[in-house]
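Chain lettering (A, B and C) follows the sequence in which the chains are written, and residue indices restart at 1 in each chain.
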Amino acid sequence: MPALLSVDGLNVSFPLDSHSLLPGRRRVVHAVQDVRFEIAVGETLALVGESGCGKTTVGRAIAGLGKVPKGIVRLRGEYLSDLPRAQRRAARQAIQMVFQDPFSSLDPRMTVRQILQEPLDINGIGTAQERNARVADLLGQVGLPADALERYPHEFSGGQRQRIAIARALAPNPALIVADEPLSALDVSIQSQTLNLLQKLKRERGLSYLFISHDLASVYHLADRVAVMYLGRLVELADRDTLFASPRHPYTQGLLAAVPRIGQGRRRRTLIEGDLPSPLALPSGCAFHPRCPLAKDICRQKRPEMKPLASSPAQSVACHFAEESAA
Amino acid sequence: MTTATLTRASSSPWRLRWRRFYRNKAALSGLIVLGLLIVFSLLAAPLESFLEIDANNADLLSRFDPPSAQHWLGNDELGRDVLVRLMYGGQVSLAVGFAATLLGAMFGVTVGLLAGYFGGRTDAVLMRLTDGVIALPLLPLLIILAAIDLTKLGFSTDFARSGAASFYRIVLIIALVDWTRIARIVRASTLSVREREFILAARVSGAGTTRILVRNVLPNVIAPIIVACSQVLGSVILFEAVLSFLGFGIVPPTPSWGNMLNNAQELVTTAPALAIYPGLLIFITVVAVNFVGDGLQDAFDPRAN
Amino acid sequence: MTLYLLRRLFGMALVLLAMSFVVYGLIGLMPGDPIDLMVMSNPGMTAADADRLRALHGLDQPLIIRYWRWLTAALSGDFGFSRVYARPTLEIIGPALWQTTKLVSLTLVIGSLLSVLLGVAAAIRPRGKFDTIVSFFSFAGISLPTFWLALILILVFAVRLGWLPASGMGPSDPSSLWDSLRYLVLPVSTLVIANVGGLTRFARSSMIETLRMDFIRTARAKGARSARVVWRHALPNALTSVVTIIGLNFGTLLSGALVTETMFAQRGLGKTIYDAVLGNDFNLALVALLFATFATLLGNLLADLAYAWLDPRVSVT
């Protein structure tokens, strides 16, 4: 599969004390470091990890939010950061985003029509008539009735609002949608409907997703490949089936062990202990070592690189003991 | 201001606010009184022609005439009709109040939006400026600003001496200091709106900063802006009154409630009623405006009280 | 702490510097340019004469250079001359400052005591009868035009009742304390009434908030009588916030002082500014304004320090 999006050496840092008027002496938090992955056309990559691990930051950086991140982001082979402003904006339309909280992601002062039309207006897509038709069509695609157009977001339920948000993301006809925990704010009964909608859109439109989630069940349902993130870095990346069947990183193993799964009985429960360290004071060596059951001296001293496994090259792991640690 | 926004309220928050406001007796009576004062001021010209008088015409023979069928509140120290001048003065005082509040709001909203949206150093600089202006002894400063000779700014002598010039000047200098409160409130609201995901969504859609500020942030901070304006209006009216009274605001013969008291210190002994009417009207207006402001505050943010 | 003070003082200096520069620049736009006046009053003077005079006084220099001269002189204690009085500005401002200090400090003491008493008493039973009355009068106080209030007080107490003098500062050699104080009664009353409304509202709401706090409930639960709870535990808290708000509103107080001093013909700082502007004596106005601003900023700073001193949770760093 050709790569639709390729990300290499992605770094995002946030300045602290941004209110200081004095120059110099500014500390930064490294929220995302050296993240690298690709997404093929029509593929869904899931990005999983605990909250605070930087997965949302990765998603936002790719969708063009925040400062221009350090690192290379290529869309259909073109370096986004090299493009002149106008062209970058046009290219950005190919990447859209669905947010976590549909109660916050829809402007309460706009009607559904205005919300759906906003991306079309901004990017000057189509004539007025075409936009009207497009907006009505989008509403149908996400399964909402046409009379929803003149209503305000507060008149809808959470699930319906998330459908509106998805329709807005579809409006500029994107190739990739970054979906940041799109289900976690919804009722469980609504979650599967929304998941099915995402699946249907993917099938019908050949969409790619960067699906950010901490819910491994929905990841299993939707993803083709899965990337696991810990404290701003990727620790494991593999096909969905490989990752779920034989996770190699102790962190991935811990995450999976925490999920009860049908047909597997009770597995050995190696739950991850301890708290996530502060991103302000990252542990030395492998950032996971304070919580890792397998940690040795080398883990405290040297940071393991992401490397493909010798035994299965499609699976990359950042662990000194990846080759030995098959669960 | 409120009714205009209420008519487009197919959205329920506005209806809810109106209902809360409506139930607040003090606020509602404040609004009614304010409405009556506006009507009172606007009736100046009709009443003038009805009574067949000219309120600007000095007639030294009828100085301090007591109330009569033609001059319901009597005449002032130049023999002009007090009632009609009070009505014209109301037009000027209220117009200055609304205009200076509006102009200050434009400035305050801009500062507040920019500070709140960009945060960081922009915020720090703008808010220090705001705090600095809030701390100043404003009346002495305004008096000095009002002394600027408009002819030295390139305006003609005729314009500089005209009533219109004094109107624009007082509106401008009051606006120079009344924006601070609005800026603070808008900044605080913008800070919270900025964190909402629909702002991010607009940016993903390709919206530029200006568009986001105007289309997404501004409509969501309208409610606090209205509340802030209603709270500033009272102090603006008081500023106009004191500046005009001290001779730095609206210049006679154009009447304003403030400058009608110019000679009040002498009048206190000769015709105390003339010193009481304009002040009483200012007082009633400001009380009414403050009641409305308080009511709006409660209606828009019921948790605050 | 020292660092905090230094930073605050630096900030104050910056404000004064900015303000002096702006106002100094604006003076050029004010009426009554001395050379213009000379030209007008002396028909024999030509434009060339006027230019020569300007050059002689350095008035042909660019604004920034003239300001720099003024500033360096000011920093060495020379604030220039008052044109109307033909005396150094400091000689005029000194007594004015003392007059205003008397007015403002009396107002501060009486106003804060009165507002805390009223606010606390009203807060004990929110929406009760006493609270309603206090709220009503606070509202009225906020909405009163200060100059008109002064006018009414003059009308009632000086003109009608004849109890107190309507204006002036009293004899230069008062025979008794009352002889000089009675001239301050009406001005101080005016300023107190004009400010006590807002302060009372503030004291009331901060008291209501304090009474809701856990430690008050604890004190009550321990069986402390409610009067004791209010006066021993809650009052200091309310006082703290009132002190802060007074400090932050010092500028408003000085604006009010300008009005009262003008109304009662007392040559304080405010009236000095007012008279100076009316008499086109702009150097005096500028220097007096700078002193007023300095006093305001100092008031802010003292309020913050007092706040930190009264509330152990706040530390200034």
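The criterion applied here is as follows: a residue touches a chain if its C-beta (ideal position, glycine included) is under 8 Å from a C-beta of that chain, and two chains touch if they have at least 3 such contacts.
Bear in mind that the values here come from a model prediction, so they are computed numbers and not experimental data.
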item	value
Chain separated most widely from chain B, comparing mean CA positions	A
Distance-to-centre winner among chains (Cα means, whole assembly as reference)	B
Chain pair with the greatest number of C-beta contact pairs	B-C
Whole-Å separation of chain centres (CA-atom averages), chain B against chain C	23
Computed distance of Cα centres, chain B from chain A, in Å	51
Centroid distance [mean C-alpha coordinates] between chain C and chain A, Å	58
Of all residues in chain C, those that touch chain B in their complex	11, 15, 19, 23, 26, 28-31, 139-140, 142-148, 151-152, 154-155, 159, 248, 250-252, 254-256, 258-259, 262-263, 270, 273-274, 277-278, 280, 282, 285-286, 288-289, 292-293, 295-297, 300
Residues of chain B that touch chain A when the two form their complex	10-12, 119-121, 123-125, 196-198, 200-207, 211, 215-216, 219-220
Complex contacts: residues of chain B adjacent to chain C	128, 132, 134-141, 143-145, 147-149, 152-153, 234, 238, 241-242, 245-248, 258, 261, 264-265, 268-269, 272, 275-276, 278-279, 282-283, 286-287, 290-291
Chain B contact footprint on chain A (complex, rising order)	18-21, 60, 63-65, 89, 92-93, 95-97, 99-101, 104-110, 118-119, 122-123, 152, 154, 165, 168-169, 171-172
